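Notes follow once the structure below has been shown.
Should a chain be cited, it is by its letter among A, B, C, D, E, F and G, assigned in written order, with residues numbered from 1 in that chain.
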Amino acid sequence: MTFRPLHDRVLVRRVEAEEKTAGGIIIPDTAKEKPQEGEVISVGSGTKAEDGSVTPLDVKAGDRILFGKWSGTEVRLNGEDLLIMKESDILGIVG
Amino acid sequence: MTFRPLHDRVLVRRVEAEEKTAGGIIIPDTAKEKPQEGEVISVGSGTKAEDGSVTPLDVKAGDRILFGKWSGTEVRLNGEDLLIMKESDILGIVG
Amino acid sequence: MTFRPLHDRVLVRRVEAEEKTAGGIIIPDTAKEKPQEGEVISVGSGTKAEDGSVTPLDVKAGDRILFGKWSGTEVRLNGEDLLIMKESDILGIVG
Amino acid sequence: MTFRPLHDRVLVRRVEAEEKTAGGIIIPDTAKEKPQEGEVISVGSGTKAEDGSVTPLDVKAGDRILFGKWSGTEVRLNGEDLLIMKESDILGIVG
Amino acid sequence: MTFRPLHDRVLVRRVEAEEKTAGGIIIPDTAKEKPQEGEVISVGSGTKAEDGSVTPLDVKAGDRILFGKWSGTEVRLNGEDLLIMKESDILGIVG
Amino acid sequence: MTFRPLHDRVLVRRVEAEEKTAGGIIIPDTAKEKPQEGEVISVGSGTKAEDGSVTPLDVKAGDRILFGKWSGTEVRLNGEDLLIMKESDILGIVG
Amino acid sequence: MTFRPLHDRVLVRRVEAEEKTAGGIIIPDTAKEKPQEGEVISVGSGTKAEDGSVTPLDVKAGDRILFGKWSGTEVRLNGEDLLIMKESDILGIVG
């Protein structure tokens, strides 16, 4: 089963960030309300303007991204928990 | 009795998602506040801009879609409970 | 006494939906917070854009429509209770 | 003393609607939270767009109108209580 | 000391309205939450659109205006209490 | 250390208004929730429209301005407490 | 690991402001709810308009900026706590 996000939405697989600090200390849960890391699985055709013109998104499948902890809608596809969010919820691309 | 959605609205038949996980475990109700699956029955003529121009929708009758649990307005047509929602409430198309 | 709705408004006569389900069961009141059915009596000249241009409405007198239960403003004309609503409050047209 | 409404505003004299139903029954006060009837006394020069262009209003002095009970600002002019409202608060014209 | 309002703002001197009704009855304070009368002292250069173009205002110095009781910001200039408000807060011009 | 405001922002030095009325009476603190006077120190390059075009501001360094008491963000630069605000927070220019 | 902010976002390293006043007095914590100083590390490609056109940002890597205390989202990259914010959250550039 495939999934094609509509318009300016992207399908994202959450990637668990390192649970340790640079010095190897475990971060307790309450200190982790930070942006989340994810991998873009598929993207919509683009942002649709009122006049019907479509602008392609700037992220593409395979991009590693950061997004706010509460962004997106959880969705289960093929037994896997994924996220659907708008490109505007994405903070940036990790290179 | 037929129904023609207006503008950027679509008529959707809710499809019950699999109640089991990939491993066959029954998901209790509280864990199911996830997007819903549906089938598009009919679509409006398109999004109408302020200048009167109309942009056709990207979904069409027969598409299997995901949408947020609380999207749309319930409507009973020909003895069947259906949903009317805007295309912008649709998260994407299941292929 | 006639009434001409202004701009993108329409005058609607509420039509009582069937109080029974397909199987003939009476639906109790609390189960009926569903869209309402109505008949369009007259329509405004159209949606007026900021530049003054007017786009005619897509519904016309005689159309059978569905609209949200809480849409519109009740108005009494010639001793009859009618509704004035905007076209954007109309969910679609029943054929 | 004359009064010229600014832009898309209109000056309205409230007209007391018939207090009786078609059958001649007096409607108690609580049942009257319905639109109000009024007569347009004067109108502004029109809606002013951001680029400075002006679109004349669709109502004119002498029109009998319906408007929402809570629309407009009460103003006393020449010892008479009148209302100033925007054209968009007017539901339609009674013919 | 002079004051030049910025953009679509105007400087207004409040004019005390007649405290009596047409019949000469004193209106108690609670009945006076009505629009206020004022005189325009100076006006800004006009409404500035996003593209930088400026549209002159429709009111001018010397105009007698009505405005909502809570409109504007009180300012003391040369020992006199005045009001600065946007032209859109002005209901109309008293002739 | 210099500071260049971004876009439509301006850097303002608060000027203490005269604490006395025209008649020489000291105004108690609670009566002073009035606009504040300030001097513009530097201005941004202008308002940036969605298409990237820039419209220069109407205020310039050296202008004496009035602004709402709660406008702007306090900032300490070179040991001095200043304010950064948007041009739209400025009520007008004192001549 | 590099990070490329999306659209009109910038990546910022917080710079601790001097904890002392000009006179050398330590400012207690409650008096420090002032704008923060930071250094721009990298910037997005620019603001994207509805028609897809992109306007480059006015800040660039290396700029020293002031921003509101509560602006931006904290993010940990390569073991360092940084901030991602929109250019519109930046008050100005310290020269």
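In the analysis below, a residue touches a chain if its C-beta (ideal position, glycine included) is under 8 Å from a C-beta of that chain, and two chains touch if they have at least 3 such contacts.
Given the structure is predicted, the values throughout are model-derived calculations rather than measurements.
Contact with both subunit D and subunit F is made by E. Path length between subunit B and subunit G in the chain contact graph, taken as the least number of steps between touching chains: 2. Averaged C-alpha coordinates put the centre of subunit B at 41 Å from the centre of subunit D.
Mean C-alpha positions place subunit D and subunit E at a centre distance of 23 Å. Each chain gets one centre point, the mean of its Cα atoms, and the points for subunit A and subunit D are 51 Å apart. Listed for subunit E are residues 50, each touching two or more other chains. Under the stated contact rule, the graph of chain-to-chain touches is a ring, a single cycle where every chain has exactly two partners. The residues of subunit E lying in touch with subunit D in their complex are 17, 21-23, 34-35, 47, 49-50, 53, 55-56, 58-59, 66, 68, 87-88, 90-95. Of all residues in subunit A, those touching subunit B in their complex are 1-7, 9, 11, 44-45, 48, 50-52, 73-79, 84.
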